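In what follows, structures are represented as structure tokens.
Shared between the two complexes below is chain A, which pairs with chain B and chain C, respectively.
Right, the complex of A and B next:
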């Protein structure tokens, strides 16, 4: 679905530090900045606003993301609204813009963050210490000031199993990878830990199909199909299979997942799809391990260039390659 | 128009992913860095504190930042490799333009920026301002996120702005807003250590937020019970007192059934419900009917017990036992179940926090 949308674009500009698989469709790619190449703040999952510090400047002709956006804004004729001297200037405007709102950052300053190892939002005034724990006063941010129980009636997921698609597919992560893998599929030792997506399947379900460990299995949904080596595990329900989603192209399990949207948040129902399993009666070769390969070279100029990942996790194309 | 400019293999050869390994002896300069920068990991929303070692404008290694409060120097398998993001052979060092048949070619900033701006202007004048959309990333700093939002509204004047959180955590945010009016977890992580029962619903914390696990162990050391709802026996579920491997997508049947049990046994904090909440009657009614259906049908049927009733009896027994051991009645359960419900299918809920432990 995303690929079809990308193919329809008349123009696509990507600002990024790697040319990720989505950016392969770009018309222009602007070399942006890494986490450690700009000053700023982040709000962690805990609600703590912390300081990101610039450790290095962007290499080569790469620019910071901020510089790029400010320059584009200038060229689009909006310069007077984008006259920021740096990250702290932008943060100070954010503080003012959020003042009095529910996500109030007004009382958070760079100085305060550095002094206190982070400040929890909301923080409405400069003398406010921040709010590590919400609702101690039992005054909630809802219209009536009370916490609201939301009536939820059970309904089936958007896609349920049937005779053609009898197995539930769910997806998730592995510890060595992050999101689409754009960043973590480029780090050798993280790839070595878990080089390719595997189909987790309970031995009892596998036995029904005669599937053995590392046998290639084609997983077919109403939208697409993809092939994964089976991993027989007793740590999953017998009616459910699991594939992690960090890979792109033909290894992407999200080609198969359901496009039903949550009515409120509009998030796709990635975690529940109906599939069928087609064992291919051939073993997938074990992925190569590269961790002992000497890399030599200096930072930024590793040599020799390591092999691209598609060669490392290559799926055999014919029976001659399956041994 | 935008098919790939050349085949995928050529693009991968040119732009990766290639694998970055450190030299066996470590990067030169690691032992004598120019500076040590206290900053954060870039690989998830935990944003663990880390110190980066810098030599000659390159990140050459890292050290734990033990003073930083929530991870206290701890890092996960991703965190200890995070420094290899820098100095990567795939790094874009200049702008690129698409060349049909060949892939991408180096171009200069003037060309790249003027082409981008002229295309924005062409598309917007032809189809209207909303025809140009912007997609942002959750890994950006607050400053960059703010800038992207302002850029879309003020410079592009488009209504079409979204970010990858749409594919990740927007449901937890929406649920928090509906329940509490604010999109944030209720407690800081150190509060977890004071929990008596911790219920983890549909989140594989030990792989996705690994450094959070430490706070769970702290609570466990103090006797906290752990309940994990997940179709897989994830690493954290292997340590649980109760694992509920429900069928994917049937979470609301389980929570409705739990609410039914709370009502049936009057394990309710009436003071809290009456004075600080709204909508309880409606929620209880809706959920009780759901629960009845779920109890009689195998929608939630677990692979172990096959019987939701048995599972819930164990759940109830665990709750009662926990409360007995802590010397307090089980009536506070409901207050915390609001937290559990608000989180929808993700994150965790800590149940029965002790009254106001002081934290920094």
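Right, the complex of A and C next:
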């Protein structure tokens, strides 16, 4: 569905630090920069505004996001509205823009962030210390000033299991990968921790299909199908299988998920789809290792010729890295 | 001030607090003293039954089996109780230490034909700093500091450094956190 939408776009300009799967649809891809190449602030998920400092300059023709946006403004003739000298000037505009809002940055300055090792929003004035924990004053922004629980009644997900698609598919993450994997699938040591998406399945459900550990299983939904090696674990419900979503192309489990949305929040129902399982009766080959790992060693087995010592200190390239 | 090994600070390992984030391995590798090879390992206890992970660093035994079985006398314990990685000039890559260690710590680096293992970040600890893994562990599974502070942080646990393997008892420099009042960990 997303691919169709991307293909329909009249014009799509992507800014990304690697040419990822989405950027392949772009008419123009601008080389952006990584966290380590940027100057500015990052607000963490706990609402703490932290400073980031440029440790290395972006390689080649890559630029920081600030530089890209300022240059775009200049070429579009809107330079006078974007008269920023750098990241701090932009941050100061955010302070003014967010003044009085829920996430109030007005009282946060670069100086305060550095002095206090980060400042939590809301921070409405320069003498305000920031708010590490919200609602400690128990004054909620409701009509009666009290916190409200919003009760909801259960409704079935947009797609429920039936005779044709009898198993619930849920998707999620693994610890060594981050979201689409654009960054983490390039780092050999992280890839080695969990090299490929696996189908987590309860032994009882697996037994119904005669599925064994590492057997390739085709997972079929109303949208698409994909093949994954099975991983038998007792830590999952007997009616549900799990596949992590950090991979693209034919390894992408999101090809299978439904397009139903939560009626209020509009969050997609990626956590619940109906699928059927087709065991392929062949074992998946073991994934290849990217980084050099020491082994337990064995005196009886000859080892490959040792490389020079500096070879050991080199970061191995991930499977998607281009040179 | 002369930077030196802080003898009042100790390593406390609490494997049940391990959340499997592998931050210790990454920090160990990124330090580059070991040529980007992590000297600490995180593994699932048994992924079939549980998502619980566990972590293992070198326990730095009082009477290290790895050193005792080394035919080349390549493994040495120093005055602070740190059992060092094999001396590269002496190690003959026989793997005796790999098989002898009761905790499964030393590994043979095949490309180098050498045994390498955790030396409690000797380059850091000998200058009064904490080992890399303990500085990044978000859950306190790996913790380095004074015994007094540890008692304050974990009042319901007791650090134990005696391990019993059958009839053999092994004493280590590194402590493992056990239920309050424990005196030894019986491994088998």
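Everything below uses one rule, namely that the second predicted complex is superposed on the first by the 290 of 323 C-alpha atoms of A that agree within 3 Å, B and C clash if a C-alpha of one lies under 4 Å from a C-alpha of the other, contacts with A are read in each partner's own complex, and residues count from 1 in each chain.
Criterion: a residue touches a chain if its C-beta (ideal position, glycine included) is under 8 Å from a C-beta of that chain, and two chains touch if they have at least 3 such contacts.
Predicted model only: the values in this text are computed from it and were never measured.
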**OP:** Please indicate which partner A:28 is in contact with in the superposed arrangement: first for chain B, second for chain C, both, or neither.
**Re:** first
**OP:** Quick one: classify A:117 as touching chain B (first), chain C (second), both or neither.
**Re:** first
Original post:
Which holds for A:101: it touches chain B only (first), chain C only (second), both, or neither?
Top reply: neither
Subject >> When both partners are placed on the shared chain, which of chain B and chain C touches more of chain A >> reply: B
Original post:
Which partner does A:147 contact after superposing on A: first (chain B), second (chain C), both, neither?
Top reply: first
**OP:** For A:259, decide between first (touching chain B), second (touching chain C), both and neither.
**Re:** neither
Original post:
What is the contact status of A:286 with respect to chain B (first) and chain C (second): first, second, both, or neither?
Top reply: neither
**OP:** May I ask you to decide whether A:7 touches chain B, chain C, both, or neither, giving the answer as first, second, both or neither?
**Re:** first
Original post:
Same chain A residues contacting chain B and chain C, which ones?
Top reply: 175-176, 189, 193, 234-235, 291, 293-299, 306-307, 309, 312
Subject >> chain A residues touching chain C - in the complex, by the definition given at the top >> reply: 175-176, 189, 193, 203, 231-235, 291-299, 303-304, 306-307, 309, 311-315
**OP:** Under the touch definition given earlier, write down the residues of chain C that touch chain A in their complex.
**Re:** 20-22, 25-26, 29, 32, 35-37, 47-51, 93-95, 98, 107-113, 115-116
